[in-house]
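Consider the two complexes below, in which subunit A is the common component and subunit B and subunit C are the respective partners.
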Partner chain A sequence: MAQGKYKVVQGPEAYFPPAAAIMGVTLPDAGDAIAEGEIVPESSAVELIARKLKEAKNPVICPGPLIVWQWSDDASPKAAAVKELAEACKAKILPMQDYRAKRINPAAEISPNHPNVTILHNEIDVCVFVGVHSHFENVALRLIRGGTNCYTIALSEYAASDEAMISLRDAGVEKIKEIIKILKET
Partner chain B sequence: MSKKIITPVKEFEDLLTPDYKELIADGPYNSGPKTIDDLGSFREIIEPHPHCAGCGVSLGIRLGMASLPSPEDTIIIGTPGCSYFALTQSALNYSCTAFGNQNSVASGLKRMLKIRYPEKHKDVLVMVGDGGVADIGLDYTLHSWFRGENIATVMLDNEVYGNTGGQESGMTVEGAILNMAPTGKKFPKIPVFEIAKTSGCVYTAKVTVASPKKLGEAIRRAILIAREVGPTYVQVYSPCPTNLKFPPSQTLAIAKEGEKSYYKYEEYMTDEAKKYLSRINES
Partner chain C sequence: MNTDTVSKQKTTSISAGEMLLKTARNRAFITGSEAVAEAVRRANVDMAIAYPITPQSESMHLIGDLYAQGHIKDYYRAENEFAVMAAIHGASLGGGRVFTATSGPGTLRAMEMFPVWAGSRQPIVCAFMCRGVALPPSIQPETIEIAFLLDTGMMIFHAENAQDYFDMILAGYAIAEQPEVHIPVGVFADGFFVTHTREVVMLPPDDLRLDAYNCDLAPIPPFDMEHAPIRMVRDPLLNKSNFVSYAASGGWHLEVLAAAERARKHINHYMGGLIEVENPDAKVMIVASGTAVSQSREAIRVMSQQGMTDVGLIKVKSIRPFPEKEIEQATAKASLILVPEFNAGGWLAREVKASIDNNKRVVAGPRVFGGASLPSEVIIGEIKKHQY
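== the complex of A and B ==
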């Protein structure tokens, strides 16, 4: 930490990089977002997300259990917005169906226990996590920046993710629509 | 914890992988309750196991998982040990505690679930190794029984600390020589089964993986009785070929052999438990 501010950037950083929180990265307050370990205004993060998705060669969206399953009435509208986002940036969707430590088919799904398998198998250069519980999102994103050069984005329902390269907090349907709007305009 | 968690949103339905599609259509959640007799004809809650060949513990878990009265309303509490590897990949609510704390965590969860869902039974099932119950978690286990918590406890007894390479546990048989007990164990198995009866358990059963129907029935009864009557305990003999050094093909034979002595089938229940069981079996 003495060397200056820790940046959460594209890897591969290390076999298992330090937790961003331990390196001093903090979560944003309402109205702000987080980009590469720094607190930034939400509007600029939304623009940055749209640009990264636009420039990506092979963007992939990874919807997690919070929006894959109908456990709440909010799941389906958010899933619809995520699908629209995928169409707007021509991204593939590879779901994280749950957090079980089981064998997976990397061409069709992603697991938080070994997310790199899916990232490397599909040569994903930008991935978006949405609807993944924070504790699993955190460890999966850290593994990805540890072992791959994939750019990671987290659209978090509650508190943003300090392990993602860009992350929005309170990211419900409206904020996803903002990203879609910019993608369609540019 | 309801069928909603196994119902996909329509937007992503077609993106699910075949194993999940099968689990939804043909698993124990939506196609009616399953028993041991149905094994092989439905998509199970657990995946092919990652344990050693011939593992008794993984067989015990597989049989137990096929005997849950309502899997969508069940949470399993585990603790470190070989059982973790199968439980962590099950399509069930599962939580692993710090070693030995399982019955305390289960007590808290059960109480919370009773408050949150007063109109529904949410089953809390503890499934851990012999070291977890008889050694490191013995005090918490006993206290949960003394307190009369509505939880079911299952010990998967492989008579060794399997996961850490073969130390003796309180459930290791006297004289047994293990990787890390080279001069043999110096005292007999801890009588957890007997202690359970005098410590508040209203139902106890001693079974082996060589008698799947008895095992399945014991776990089903333990879960049902724990809902309303009190704490229950099932002790499952699940021998470990790797540490007890017998060929993996012999697991069932060894378990069957056990039924001739210490692991002779035994079932005990209080009158109240008996009445409860016959009442729900009738309805």
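== the complex of A and C ==
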């Protein structure tokens, strides 16, 4: 049950941070987004994402299985848009190619089972999750804010992520292009 | 909107919102078991698996009839309740919309599977027709099995009557299948009182059914070894790995509980709230779920005839997620809070006590069990003992 207003902000927050939803953070309806636990207009969240990426020293985009693999016809154009986004903000790409419990090379990929290893190894100050199934997205993002000071952004497939510091819902190609446009204009 | 031919009957698929909130309904005089089958008829279920136990058996017989009529793609009788719940889990992991039901000892026999359903984020809908579970044996109505399921990670809805049972099963699919929720739901009713008595139930036309379940919206990939691109799910499900941190494993559990929290707005939308309140300013509030609500309502009617009008009622429809805030607000003016229950443990009273300030106001009873009924006079007597 919520005890006052809970903010989803940069960590490290705790050994075992609470779930934002249990602390009373709610998800946005269509047309809105979520920023640091507050519902905000989607347009302002898009601007905030662009600003965070612009200001980042070491931004990293973590594309998940929904766009790393060709599940559907939507995957390829979205993957192309994400690549364009990475180029626009000079971000590295470290994929979350699957969710299996396995040894990883933290210089090359990120795992939902110990994502903080990749964040700390690469000194990532802003990361963007995109194309990650929301269960694994939330588990990983909570671990990151629990144990690192990385600023987290989620371009979520359907509902937004209440565990990210900023998240867009239904984040398809058009919304990614909006972020790219602002990045290129500023 | 799509049309499809099920058996000889042409059906039309519609959204859950249209089915539950917009479609005109027709009057039927049916049992609770028949109401369950009528819900499944309209739910576009892919697979149902049965194992008999009183008082649940009749509902799964009727659902077998639906299979014979072509309304369900697959149906069989499993070896026992554990086998039912394990197999229905597999069907759900494979991307199907599924249904099953059980009662009392069957619930306990299958117990291991319920947190597995929740942990694997499957939107399974299971009807529980509550009965006694202990020695001395009782097949009579009792709600103790709900206590065992409170912390499995499942959502738990408690129907007062056959109408609730019908609506909550359909709403259960709508809520459980939301991408940010996607956990199982147990829809409970008190055995015999609800399952074996006829009452008026308002039903949408039987040529309507819910839109098909789309497993691509799930928060995890479907468990399909033959589907590209990769064996995605198996290892994290087994989870015994040096490469899963304890923090991730714990965070996974937390995510299941978070998913239930995210269900609240959908419960409000599809079920009209987690609770219903009558006479919210009353000094005496009765908090009840299931058929204890009906008995409490009758007690309030009798007391009102006797000039005692300062008694209100809180009907708790959702046990998980639990309506802490709603109950706190609805009992703010009450000096006495009575929690009548059909079980020996008093789990609902414990939940209420944990949710409100000044919980010395809570009287954990009257409680009946072992097959006893709960006459309204017993509730009235308890109120008079403490207040009037």
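The rule is simple: the second predicted complex is superposed on the first by the 183 of 186 C-alpha atoms of A that agree within 3 Å, B and C clash if a C-alpha of one lies under 4 Å from a C-alpha of the other, contacts with A are read in each partner's own complex, and residues count from 1 in each chain.
The rule we apply is simple: contacts are C-beta pairs under 8 Å (C-beta built on N, C-alpha and C of every residue); 3 or more make two chains touch, one makes a residue touch a chain.
Keep in mind that this is a model prediction, so the values were computed, not measured.
After superposition onto subunit A, the partners subunit B and subunit C occupy overlapping space and clash. By the touch criterion defined above, A:Ala171 lies against neither subunit B nor subunit C after alignment on the C-alpha atoms of chain A.
In the superposition on chain A, contact of A:Ala50 is made with neither subunit B nor subunit C.
Once the two complexes are laid over each other on the shared chain, residue contacts for A:Leu155 go to neither subunit B nor subunit C. For subunit A, the partner that touches more of its residues is C, with subunit B and subunit C as the two candidates. Shared-chain residue A:Asn138: touches subunit C; no touch with subunit B. In the superposition on chain A, contact is made by A:Ala108 with subunit B only, not with subunit C.
Applying the stated contact rule after C-alpha superposition, one finds that A:Ile180 touches neither subunit B nor subunit C. When the shared chain is aligned, subunit B and subunit C each come close enough to touch A:Trp69. When both complexes are overlaid on chain A, the residue A:Pro95 reaches subunit B alone and has no touch with subunit C. Residue contacts after overlaying the shared chain place A:Val130 against neither subunit B nor subunit C. Only one of the stretches 25-33, 97-105 or 151-159 belonging to subunit B overlaps subunit C in the superposed arrangement, and that stretch is 97-105. With the contact threshold set out at the top, residues 69-71, 98, 100-104 of subunit A are in contact with subunit B in one structure and with subunit C in the other. Within the complex, the subunit A residues that touch subunit B are 63, 67-71, 75-76, 79-80, 82-83, 93-95, 97-98, 100-105, 108-109. By the touch criterion stated above, subunit B contacts subunit A in their complex at residues 2, 4-12, 15-17, 20, 47, 85, 88-91.
If you check the complex, the residues on subunit C that touch subunit A are 121, 178-180, 182, 216-221, 228-236, 239, 241, 243-245, 247-248, 250-252, 254-255, 257-259, 261-262, 265, 324-325, 355. Within the complex formed with subunit C, the subunit A residues making contact are 1, 15-16, 18-22, 26-27, 65, 69-72, 98-104, 111-114, 133-136, 138-140, 142-143, 146-147, 157-159, 162.
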